[in-house]
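Next come two complexes, and both contain chain A; in the first it sits with chain B, in the second with chain C.
Presenting the complex of A and B:
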């Protein structure tokens, strides 16, 4: 009797398990990402190996991460979500999670443990900033400068405050057209201690102080909104220095061979990762969970670093980071997290910006128009 | 040229020649000076130089020396161009030298009146040429942005930049790699394929429906003609983003979002107004007694339409179809709403590519598209002329 029961239970399990695999999984996926070198790294490191293992699956990319929040809202409203997996920055993931547009996941259940058996949630650690967010990479926003435009007899810039020093480093700068990061850098260079930056920025006077500091270089600033802008401006020699994502600068320097240097000082760390849209049909959900489980394992995240200089979000991936896939240079030193680069860093302050973004945005835009 | 004999050509007073040349030199100097760092200096130098050259050519050397003077101008200015701007300066300099050499004699000897009526006043002559210069300037303004992207598409770098190698005309600075990328990268080839699958079908639908609508609405007995016409044309007038939003919510209710037929229908809707307008315009010149004559001889309405009416309004139908095709082929807003990742069209790919990765492959795509449109329009125009000639409608 007992044996029968066990047998029954196992066969039921087998049925359930096989039922959950092949036939119930959709055979196509729509992945949403950012395009460019970053999407290419995902394609090479996770998607191509996955499709090789599952030859009957097809996947297509939609380069819409930039407007993912708005588009997901519209899709949800229309009751027709066509995306299966969406790559977003952490702050967008938090918003989507709060609005119920992204699915909450149990990280330990969905994601593979580290090779040494550490649970996924411990392996990712603090980087799981929201219940919906499946981290992939750590990237930073930092400055690059034209090495051939550094004035003679002057050291190349290595301090964030050289952005505000028009006398020593004349020339145009490009900054992102939003208050985030710019306000922090301005305060830091206006004599505010790093630990006090957000306390100061909470107050109206502090915001004015930051804008006043930005005012000193406003005439020399070109404002960017897409990650490709600063690399293009640097390659053109239109600007002396500009902020952008560190991976874009890596590509300009190492892959495109432009005379550009990295500043790294006061770089701002941010996270990028996946979210799964809420209320996917079961077959599509099963497929996407299968893919995410594969794409975020320790080896895959380390592989991604062979294509782009962003740090893998798993602690266990760091030792596995090797050489660039085409150039053969060691990638470790180009990671924003490398010790030489991360002497002075900020971490994107999600709580602060969630609370103050609307107010400071309005102020910043009014200041821009002035 | 009978006018040429009637119109007196005479040497102009030196003050006039020098003044005009100084003005032209100042304008040219403004551009060169600005490129070299000082616009004001360029203006002054250009004016003085050109007035001086005009004096030299007219008063000192005289008309007999025209040929050698003009060659010398080309050579000297070309060399000055090389000194200022390297190899590209050579070409620009030679062009400037040729132009001013010609201009000095054209103005100084009064040749500008050669082809004009003898009784025109000075003001009328001035307006005659000013009008041409203005037209030319507008033409340049319209066409330059398109021309600029063409050399950039042969860039060896992955940026929208004229590199020093390109400006030196160094073959190293040029490459066909962006064309190779466009023709081999599945993202681009897939986009071209999607566009080519969508546009013709959308065009076919717009042409059939639009032509029928135009013919129906041109009958005087249809009630509420103006209102129906206004509604049919509204996709052209309502801001595209509003149509797109509306279509998105409507199509997603009936399951058309992200499907091939969804995009085709949306594009057909956008193309119909163009067909209606062009066909309605052709129908104005259509003689209705022809259809009555056909009916009188026993043809049924369908036969009448295809044998009598259609051949006569065909030019309008074709140009409407061409517009509908181009609308579908260029359209990005609606595709961003209705389309899906598997159905990325060429404009979608260009739009996202431009935003995310500013790659000159877009310029290669643009250059190829411009070349194709020129071929397409030329072919249509040649066919039109040929059929007109065959029908004896035009004397050419």
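Presenting the complex of A and C:
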């Protein structure tokens, strides 16, 4: 009898407590993401399960992530931030944090620990590159090539330097219209050791060296600015090889069944994750924290990999990655983090590019225009 | 745009204006109106009322345009010179740098480092230091991480003192003893009685403490105010920042506190003895900064801070004409960093080419439209308007499919045997692609004004010329064409101004040789976040367009531009 009473009292308390928190939470959210297949993976893996658990909540997407920093800054200046959770790449998260536009979070407090009890900050590890950044996935920028355009009697390209080798692998290439990644690849293929790349790139001579290397293929390069460009160029046979995000190449190869091959060598790892805008009203903040806690737990991050070939940011999620939701192929081997693919990787140096982006970009654009 | 408006005297009927002039000309005394007042007066009143009514009628539109268009543009243009962030974030440093010779090869003295220590500490608490870092990074590579590191590193300087004071007496790292030492007793009791809901009683220094410990008093006051206003925490419960301990060390090493007998005097006396003892560890501000990052003791960062300390700067404008600020005044940038001059030239040149190709292609179409029987002209008109109803992106992407090397045109040419399979033409991702796609997109803006002018040219004029013996060509060239020039003028202005600010199409089909200045403006707005530079580039573009418009008015005459009958 006594036990029942206690139980009743406890459950009454729990109901009261959860009732109170639900009341304190806003019942709608605006999430910002990139659109396309990536946003779809978030919709399927995080949002739909969350909305099922919270039927009173409504959520809408804003596909503005590629100009999130500028828009968030404008909203902040206008004093009316309408976004609740923003998906950005790590470098943008660092900038938003620098500008005071993103909220600093305590990862251990906000996010769930791993199933084995490891703290969130240890589970994410080095991927927490900024106090404001809540990592979701690891993606990479790498090359794809047309398998039917490989010259006869030549091995398919498997080395990053084949991009710069017009004799063995003639044909057009596509590269992103910005210095980041291209400068590093150019130096790597100009005899600079991997560990020295950023030391060399700091100097004006090093920058010239990288541009000189890029100059050797400049006439054969189509410069892209949208992630969809390279897959389109590859599918149309406009180019022989081109750089883009590995998930885009996966969809060209596996989903669209084009004669395209992956070249994982010297892939550049980058991160994508959430930030919460600074100074949200309490009720909206409470809702978005509740959502983020759910959406970044071990299972949810692993689920996302069933829809897109990006690696989950939690170490504990990796063993849970299963099959593609529609194609049914095992996704593990298509992750940029898979051992077979990550033999030679390059990690985006956030601090370097935060400092040198403006300067090197000016040089790079002037070089492009010449 | 009609003649009547510019030449009122041509109107022969009575108008208020004419009546006024007539009244002025008459010299036989003031003409009186029916009510006995001078005619001029009552006419003026009537006119004023009319003008006010007209103004009231357009007021909603005027206010709307002012608020939603002129004001934001003005605000954006203002950013091209605005530079208050340096002076506001580093006020003490800027003052301390007044005497610093920016051309010298040496870093400034310790007083500047001291000022920078306090400034950056407060800036870091306000999270302003990284913002300033990204601002200065536009001028000096590396400033961004220097400020980010300094925001974390300035704590280390203060902790040198904090740790030693704390080792001596734990009260030095407690909130309450500090509050008793620095705060007014009345304020302390008021703060104690604070209910946690209403406004906190504003912190007040104890009288006389500022005379004994001037620096400590200022820094503690800053700390207490920040806690109350920004964090909404009671200073009675918050341990002071390490910057307060630094200030305390400075005060104790310079002043004498032996005469002090207020609250916590023994604690203060103990600290004074500790500072006086030879074992007390100190660190100069300069060394502290050197530990944060070696670049802080090089002259470059201080030169940049000094150069960009005024609230307004010409830096962005210099940047947008490929120049930069140096100690010796404005100078050209290195050759390998110049880009904007080239882009401005290219934008103007390509806009002109696009305008001319629109005239060439549009004129025959407009001529046909206005001379065909109505039923067929309507069909043609729909064809002209059709692109308007199609998304810009779709039209541009369609050109990609047409022009690319594995595209429709190249395929046809190869099939016809006109080009070899390995010699396919490069028609996209260059200037040619941009010109083709933009000409297609802007063509309706040329055809419609031409058509509306041409449709008002009476066919009888050309017939008259023919009947007087002119050939087809002469009657067209000498009679028809001159009358259609206003349409060309209007179309050209529209197309030229639209194309000068075009951005999407060059971005998609322009490659590297076909991009415009607006692509760089967009880059600085959305990617590099250098809004000042984007604003300066935008202002220059605006001025260029206005200047061209003015030149056009002088040469062609804006009265010769017609958008319709």
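Simple rule for what comes next: the second predicted complex is superposed on the first by the 350 of 370 C-alpha atoms of A that agree within 3 Å, B and C clash if a C-alpha of one lies under 4 Å from a C-alpha of the other, contacts with A are read in each partner's own complex, and residues count from 1 in each chain.
The rule is short, and it goes like this: a contact is a pair of C-beta atoms (placed from the backbone, for glycine too) under 8 Å apart; a residue touches a chain by one contact, two chains touch by 3 or more.
Keep in mind it's a predicted model, so treat the numbers as computed, not measured.
Participant: Specify the outcome, clash or fit, for chain B and chain C once both structures are aligned onto chain A.
Facilitator: clash
Participant: In the superposed arrangement, which partner chain does A:362 touch: chain B (first), chain C (second), both, or neither?
Facilitator: The answer is second: A:362 touches chain C but not chain B.
Participant: Please indicate which partner A:227 is in contact with in the superposed arrangement: first for chain B, second for chain C, both, or neither.
Facilitator: First partner only, chain B.
Participant: I'd like to know which partner A:147 touches here: chain B for first, chain C for second, both or neither.
Facilitator: In the superposition, A:147 contacts neither chain B nor chain C.
Participant: Quick check for you: in the superposed arrangement, does A:36 touch first (chain B), second (chain C), both or neither?
Facilitator: In the superposed model, A:36 contacts chain B only, not chain C.
Participant: Who does A:100 touch here: chain B (first), chain C (second), both, or neither?
Facilitator: A:100 sits against chain C, while chain B stays out of touch.
Participant: According to the stated criteria, A:80 is in contact with first (chain B), second (chain C), both, or neither; which is it?
Facilitator: A:80: touches chain B, not chain C.
Participant: Scan A:256 for contacts with chain B and chain C and give back first, second, both or neither.
Facilitator: After superposing on A, A:256 lies in contact with chain B but is clear of chain C.
Participant: After superposition on the shared chain, which partner residues are touched by A:168: those of chain B (first), chain C (second), both, or neither?
Facilitator: A:168 sits against neither chain B nor chain C.
Participant: Let me test your reading of the model: by the given contact rule, A:61 touches which partner, first (chain B), second (chain C), both or neither?
Facilitator: After superposition on chain A, A:61 lies in contact with chain B alone.
Participant: From the superposed pair, tell me which chain A residues show up as contacts to chain B and also as contacts to chain C.
Facilitator: 66, 236
Participant: Enumerate the contact residues on chain A facing chain B in the complex.
Facilitator: 30-32, 34-37, 60-64, 66, 74-75, 77-80, 82, 226-229, 231-232, 235-236, 256, 258
Participant: Given the complex with chain A, which residues does chain B contribute to the contact?
Facilitator: 157-161, 248-249, 252-253, 255, 257-258, 340-342, 352-353, 355-358
Participant: Considering only the defined contacts, which chain A positions touch chain C in the complex?
Facilitator: Answer in residue numbers: 66-67, 69-70, 73, 95, 97-100, 172, 177, 208, 222-223, 225, 236-238, 351, 354-359, 361-363, 365-369.
Participant: What does chain C use to touch chain A in their complex?
Facilitator: 127-128, 130-131, 133-134, 137-138, 141-145, 148, 336-339, 342-343, 404-407, 429, 507, 511-513, 520, 525-530
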